[in-house]
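By written order: A, B and C. Residues from 1 in each chain.
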Amino acid sequence: MRTLRSAGVPDSAIPDMGVAAVARRRVVVRDCARHSIRRRRMTGRAMQVICLIAVLIGVTPLVALVIATVSKGAGALSIGFLLHAPTPEGVPGGGISTAIVGSGEIVAYAVALAVPLGLFIALFLFERAGAIASSIRFSADVMSGVPSIIIGIFAYAVYVERFHHFSNVAAGFALGVLMLPIMVRANEEAMRTVSVDLWEAGISLGARRSRVARSVVLRGALPGVVTGNLLALARGVGETAPLLFTVASPTFAMTLLIFNDATQPFPDAQQTAWGTALVLLTLVLILSVTARTIAWTLNRKTR
Amino acid sequence: MKRSRIAHVLFALAAVLIAPCWLSVANSAASPAATSAITLDGAGANSIAPFFEKVFYDYEQLHAKVTVNYSPAGSSVGIKDIQENTVDFGDSEIPMSASALAAAKGGTVLQVPVELGGVAISYNVPGAPNGLHLDGPTLAAIFDGAITNWDSPVIAKVSGVSNLPKLAIVPVHRADSSGPGWDLDQYLIATSLNWKLKIGTSKPSTSWPLPDLGEGEQLNTGVATFIKATPGAIGYVSFGYASKAGFTNAALENGSGAYVLPSSYTIGQAGAQATHLSATNFSIIDESGPSTYPLANFSWTLLYKKQANAAKSAALDKLFHYVVTTGQQQAKSLGYSPLPANVAQLAKTTLAELQS
Amino acid sequence: MSDLIASLPPSPVAGSSVAGEGDDGSQALRPWRKRRRLPSSPLYAIVRWGGAGLFAALVIGLIVSIVSQSSQAFAHSGLSFLWSGTWNPDAGDYAGGTLVAGTVITTLVAMIIVVPIGLGISVSLSELIPRWLAGPLSTSIEFLAAVPSIVVGLWALLVLSPLFATDVEPALERLPVLGWFFHGPAYGPSVLLASVVLAIMTLPTVVALSRTALGGVPLADREAAMALGATHWQVVRRTVLPGARSGIAAAITLAVGRALGESIAVALVIGNRPAIPHSLLAPGATLGSAIVNQFAEASPGLGTSAVIALAGILLLLTILVNVAGQLLVRRRGGRRLLGVRGAVV
């Protein structure tokens, strides 16, 4: 092993020669050769079929969902649907404009909170290696898994109870807190793709750290930052739980409107729900595709 | 060098300026008097939502600068939000108790009766006629699980319909606290000794006393959706929703023994019996009369006596004056009943106590 | 998403061998001079430290807020809140025990559904399906992760639920052995439906992370097995899957974390009965769904504190599972995978 390693063979290609590993390999060889080739091939074929069935089972819900949303939602869609405010039962010409505008406003507040803060924290993690940085990194990873409903409760306690009114700003705060850990990690990953050599070159030329960060790191990381933030935004647009306890009326956010109308027994309310779901799905799709296109075109450019 | 320093400063300024804390400060500090547009936020009873939606919409058409938001999340949400002072007005089917009033953080709460509505007992039984006669004891037996099938002889005897299908009864109740639940609970307490014994108390409660029996759904909409989708289901739904959904409703036995179907007229007859209405004497359950529906109640809007500023108190005053006068014209078509004259007078008197 | 970001054009000079390794595999700066102060503007330092401080304040604030607001409920009922079975909102009893049981049951059933299917899909994607198809297919499965949970809930409530009530649930009742799990009346909303919804929502997580794990098995191991005469499936079963064990464990753990926290879609389809379900076809309730339904109307004081105590239990469970998942991911060595949501956002 010593000679192999010193000859430059990478670690992944050097087999483990410990007693346990050798014993394991002996078991593998014995089991593999236990049955005839015909039997082994049949088992292989059967497992292939099972795996492909799994693929079918896995893809079916997605396809069914998209088909259902498009077919049922298309019936509700019209220019009026997008431009008019909701009207009570029986009054025609209603739409979801307040929900679209409200969702946009809430997401705007969330972006105003999360994007700059995400950059600052990622810069901190980039510039510094130590216990504080790794604990912040670890807590960002764990925070990204915190249920959004708990963040909603936090926003209620911090904002609504303090200022005594429900507001889109509180919802934006909740959404921003939700999006922040995702953006932080995406930003940091993007910054890490920039070569250390370039960073050192900048420093050696006498530039300040902030200058190097601005011109070298951020410029190199910009595609990754934009992609990551767009994806986090796509995620944030579709959240419901943080808005439940912070928004003044369910007509102010698309996701809340769907939540409300889904449980109504009346066909036109359900129709509105499907239409709103279609709008939401389209929006999320556009954001995701945009993010991936940015990544893809930039990948091509340097090739 | 100098350019980048300016850029630094500008960048820092921008970062500080768009910090949301500034937004929230501006938001909460902006007094309504500074701008002429006013927004009123309300939350509360689910049962009155169709009425409020229509009346508020009409009011907004007449007063372009006013926006009224109502969140129909349930009476208890309305009470809680008023106690925490996070909304401008709340609404509850059952007025606040003394202890609830004491917990209100903004001072004295005014309770204004704004609407008269009813609770239908809706059922989904294929082949059953509308207006099945049911009385208190039978209904209690259905909801506490004593009767389990629609073709039970007890139901046949009371209703007079003997060809009901052999279908399991699925009683559905409100999983959240509700006014209709309180109404039905009180009705059953008043008419059925078995019910009183089963639940162990003679005080009605907004939380359904038997949560483990039958299905529980959230809000009128949840109950209505369940009834619509499940053959054999029976539950209590605000009449505004039941009439819109086209349900078959039971004709209930009232205080004088008559079996009455819910309608705007019969609910109005119940409301006419409220000669000495007040927030502590509010129940019109199981009243008597040839066409009085026994499950009716007033809906109470909750407002703080002392409002934050003059603009808000004037706006609330005007809005609810409209609701109890011109707005009542919408009641009949939506499944509610216009307020009797004495109740409208009580509402106006209470509204006059609004200060700023 | 980590693949996506890493696939962005790296700088012309490959720097992977240059930097030293940080304590968790991060690319720390080469310590060519200890403690040297590089020129830096104070504004930049304020920006960085301010950001880090704000983040720490948010995290600590969140935990402190939840813990302090739930203290009243725990003071009232003691630790018995965690396993109590009574539902009495007026007295502040929110049946913590039954809700925890409901959460565990739905998550367990969801994992039973999603793990075999997810592993099957990831094996297919990395072994069976030709490359030109595997790319679009895995992108579309990742798209499933981007679908908002409310849309999945809407579809489950309005399309799946009637389907379950009329066709699936009666069929399941007739199964020979497993049919015992599926007895009782079936109206659609049920623990089973909630578990299926959770399985659909966590599938992309399992698929993406398992696929990365499967791809990380060294080529030499596969080739060695093939040289010994193993068929393709035997290579997968004996060499690849065991080699990817810890990555798959990480995938499952993070999927569990995601399933624990999903509240909106579950609240729509689980039927909301706060009792331990006697059958998978019965309605139930989880911590998340109970919070969604009860928070807005909980009476100030003890009621609200009890609901926030439920949130605290959920937070603790989620943090434990996520920490375990992250540790599993880091134990694999190599690059740090992004967690639950970041991986397939």
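To be clear about the criterion, contacts are C-beta pairs under 8 Å (C-beta built on N, C-alpha and C of every residue); 3 or more make two chains touch, one makes a residue touch a chain.
Everything numeric in this text was worked out from a predicted model, so none of it was measured.
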State the chain with the largest centre-to-centre distance from chain A, centres being mean CA positions. B
Give me the two chains with the most inter-chain contact pairs. A-C
Taking each chain's centre as the mean of its CA atoms, how far is chain B from chain C in angstrom? 38
Taking each chain's centre as the mean position of its Cα atoms, how many Å separate chain A from chain C? 13
Specify, in ascending order, the residues of chain A that touch 2 or more different other chains. 210, 263
Spell out, as numbers or ranges, the residues of chain B touching 2 or more other chains. 8, 15, 84, 218
Residue list for chain C, restricted to those that touch at least two other chains: 41, 43, 47, 296
Going by the contact rule set out above, which residues of chain C touch chain A in the complex? 1-2, 4-15, 18-19, 22-24, 26-30, 38-41, 43-44, 47-52, 54-56, 58-59, 61-62, 65-66, 69, 116-121, 123-125, 127-129, 137, 139-141, 143-144, 146-155, 157-159, 200, 203, 207, 218, 220, 224-225, 228-234, 236-239, 254, 257-258, 260-264, 268, 288, 291-292, 295-296, 308, 311, 314-315, 318-319, 321-323, 325-326, 338-342, 345
Write out the stretch or stretches of chain A touching chain C in their complex. 12-13, 15, 28-29, 31-33, 37, 40-41, 43-44, 47-48, 50-55, 57-59, 61-62, 64-65, 68-69, 117, 119-121, 123-124, 127-129, 132, 134, 136-151, 153-154, 156-158, 177, 180-182, 184-186, 189-190, 192-198, 200, 203, 206-210, 213, 220, 223-224, 227-228, 231-232, 234-235, 237-241, 244-245, 255, 258-259, 262-263, 270, 273-274, 277, 280-281, 284-285, 288, 291-292, 295, 298-299, 301-303
Show me the residue ranges of chain A that touch chain B in the complex, using the header's touch definition. 87-91, 109, 112-113, 116, 159-161, 163-167, 169-170, 172-173, 176, 210-211, 248-252, 263-266
State the interface residues of chain B toward chain C in the complex, per the touch definition above. 8, 12, 15, 73-74, 76-77, 79-80, 83-84, 100, 103, 168, 170, 175-177, 207, 211-212, 215-218, 226, 229-230
So in the complex, which bits of chain B are touching chain A? 4, 8, 15, 18-20, 23-24, 27-28, 41, 50, 53-54, 57, 69-71, 84-87, 218-219, 221-222, 224-225, 227-228, 241, 244-245
